[in-house]
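So that you can tell them apart, the chains are marked A, B and C in the order they are listed, and the count of residues begins at 1 in each.
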Amino acid sequence: MSGQGAKIEYVDVSKRYGAVEALRPTSLTIEAGEFFSIIGPSGSGKTTLLGVTAGYVPPTTGQIIIDGRNVVGEPPFQRNIGMVFQNYALFPHMTVAENIGFPLRMRKTPKAEVAERVKKMLALVQLENMAQRKPGQLSGGQQQRIALARAAVYDPLMLLMDEPLSALDKNLREAMQDEVKQFQTVLGSTVLYVTHDQAEAAAMSDRIAIMNHGRIVQIGSPRDLYEHPVARFVASFLGEANIFDIDKVAPHASGSTIATRHGFSLVSAIASGHEGQCICVRPEAVMLNASRPDHDNVIEGRIVDATYTAGSLRYRVQLAPEVIITQRTPSVRGIEMFAEGATVFASWRAEDTLLVADD
Amino acid sequence: MTSHETDLRRATGRIWSPARGYFVILSLPVIFLTVFFVWPLAGVVLRSFEGGEGMFFQYLTVFERSSYLKVLGYTLQVATTVTVLCLLIAYPVAALVARLRGSWLQIAFALILVPFWTSTVIRTYAWMVLFQRKGVINDALLNLGVIEAPLRFMHNNIGVHIGMVHIMLPFMLLPLISAFRNIDPTYMRAAGVLGANPIRAFWHVYLPLSMPGVSAGVALVFITSLGFFITPALLGGAKNMMVAVLIEQQVSITVNWELASALATILLLVTACLYIVYDRVSRRAGGGGVLD
Amino acid sequence: MTWNSSGRLARIFVVAFTVAVLIYLIMPTFVIVPLSFSSKSYLSFPPPGWSLQWYQTMMERHDYPQAFWNSIKIGVPVALLSTTLGTLAALGVVRGRFFGARPMSAVVIAPLMLPQIILAIGLYPIMAKFGLAGSYPGVVIGHTVICIPLVFITVAASLKNYHPAYEYAAMTLGAGWWSTFWHVTFPMIRVGVIVGGILAFTFSFDELIIALFLTSPETRTLPRLLWEDLRQYVTPIIAAATTLVLCISFILFGAVALLQRRLSKATKS
């Protein structure tokens, strides 16, 4: 049952609906057995990319090479791909066992083998005693696991998932993330996972592609994307970011001094910046002090908002008339909080001053 | 294969897509309807231009002969009267039924749907029985002393109107009830709190909100009444003929297919125009069209 | 609503009026039943006497049973044919994402919306040309044209009740067009299809105008026979025949009501 998933290559794949370009010519390679996520706002093209891969959206141009074979032009039922839909699409008039056995019956698998493989799958998702129930009798999390089982029972070349966890509540979602990841590891499948929840993608993926307006903006591991965003959009979409506009960049030996448009200058470890970019500083890189510290970047400001959320303290600090930054500290037990209106000094290291394209 | 070739493959139509499959599925009924619906209709329109000197001979005949014009006029008048009567009768009934719940609602619906499900011929026959000189209605009126001699209901205006209102009433009731059930009672309560007495609340709040249902019912009843055949044929006479009856007469008795086709084309055009107008108006007013 | 005496009076009036209207709707239909059992040839209250003479006469005649069977011989093929074509049309219009969905729906529904007299005088010459005038296939085709919209409406409503993802899911799982329809789509629209079929049968059974033009004395349907008799003389034999039809209609109506109750229960899960 377990085997390596397939490698997928997209070559110049695009999709146009009349005058609207839902997916601009995109090229991408997903390695065998990789857990690959695509994130982005609605309309970014991620669902289109999924539809083109599954086969029910015919692409306008391009090839999709799965396991060495170009599948463009083939209908979904010939592609040997598994897909989990957002609302699971479990057939309501069939039992759980019949649902999971459905793709095997379509492939004319002998009855005895069908029963055995269904049993193995149910054991894998730990729902053996649900075999004769109808989907309507199961909870959301259980339906999700059955949908997974059904999509994987016939050893497909890859698994596609379209926001499968978005219908679940927060706590259940995080538990299911672990389960889905485990499922994939056991089977060794290649997974293409679409979600709008960047934290979810970061928790589960080997690599993430972030899309906007029909094209891929950046691809990398979650850490790559977070620590080295190439554009303002990426910096803001994955995690939080404080953005400053650049007026002038003056490079020097160990980096550069950047004059911002907000009345203060910042120091960065990057020397190759230019005016077409902007500055990005992560909230957890910022330190707050009541008195002026000796750090690379120090700006005096005023606390505008102090919020205690379960897990972190979040401050909004006003540094300039139009500049309010966000700062986060882990909420250590008994920690003292700054009062609203208090004067503080916000500071961070030169290497935390990131330069990203201003798109 | 290059991506350019993919474009070519799409151009020659060999890329699978769900839309193409559904298109093929749709083609069978469409062909059937084209042959057995569109073609007959086209035939009727074409035949209306034949059989006489000049293309518009039949139409000129229709508009010059006063007897034919009277039929057209009578048809419009009956349709209007029946629509108005149905609206006046159905409005309060629908408002009440819409507020029922549970078994009362089911009973009311059953009472409305039963005639809906009975064939028009049977219902019209029922009125013929009731309208007989020695029938139930005359009996009751005579016994109550309201009249002294049996009234004539058949083959005159009264019978046609009573019968048609009876047939058309469910067509007015059902859209009205459906629309009324969609009116949130909170609106009327809010109007009351804001200072409107029941009459003003009805006039300014309930009535405008009921307009989509009213227009749907009115359109349905009016358009159906224009082309109606069975009831006017059985309950009406030579002096109160509606256009569908005239068309049938022209075909079966006078065997003047061309004139019948002209009358039918007029009916077709009027009906189609009314539907288009209704669709546009209701869509502009924010609701769906006829087909939603 | 403020309750005052005039408000209460108005409410009583509305309720009374409603009851009167509902009686007006129902009563004529039920007038026929007592007449069919009457011993005289007219209906009066109190009823003159009871007898089964009209039913007897009707059975002994040749034309009524023949017309009844004709209506069935025509109604069943009409139901089957219009169910097939109507379901195909609904699938194509609702699931196929054409920009022409509204005009498409309009064309499919049009036969039901336009006055049937127009279609009747249009179909007759065409049937005559094909040599089908007065034959069973001719009137079956004629009725199918106006019954397709009925099936279309009910099946389209069933299809709109659930997300197309089910069909896509089946296809990604390996089911082709026919397998997807048979294993996934049809079980989910089954009730809509059956209701549409029953509606089509009932409509064909009761239809007069097209039958008037497309049937011959041999293939004459029951409504046409009733029509001819009603034009000439009104005897309670007609009442007997129509009472039987009423019974059948109510049975079919009950079946549809039950099915629609099952349908609404199914969509709640």
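Operating definition for what follows: a residue touches a chain if its C-beta (ideal position, glycine included) is under 8 Å from a C-beta of that chain, and two chains touch if they have at least 3 such contacts.
Since we're looking at a predicted model, the values are computed, not measured.
Taking the mean Cα position of each chain as its centre, A sits at the greatest distance from chain C.
Between B-C and A-C, more contacting C-beta pairs join the chains of B-C.
Chain geometry summary: the mean Cα position of chain A and that of chain C are 54 Å apart.
Mean C-alpha positions place chain B and chain C at a centre distance of 16 Å. Taken residue by residue, chain A touches two or more other chains at 55-56, 75, whereas all remaining positions touch fewer. For chain B, the set of residues that touch two or more other chains comprises 18.
Among all residues of chain C, those that touch two or more other chains are 168.
In the complex of the two chains, the chain A residues touching chain C come out as 54-56, 75-77, 79-83, 85-87, 89, 91-93, 102-103, 106-107, 136, 150-151, 154, 160.
Listing the residues of chain A that touch chain B in their complex gives 11-13, 25, 55-63, 70, 72-75.
On the side of chain C, the complex with chain A involves touching residues 163, 165-166, 168-176, 179, 183-184, 187-188, 269. Chain C makes touch with chain B in their complex at residues 1-2, 7, 14-15, 17-18, 21-22, 24-26, 28-29, 31-32, 35, 42-45, 85-86, 88-89, 91-93, 95-98, 102, 104-111, 113-119, 121-126, 141-142, 144-145, 148, 168, 177, 202, 205-206, 208-209, 212-213, 223, 226-227, 230-231, 234, 238-239, 242, 245-246, 249-250, 252-253.
Per the touch definition, chain B reaches chain A in the complex via residues 1-4, 6-7, 9-10, 14-18.
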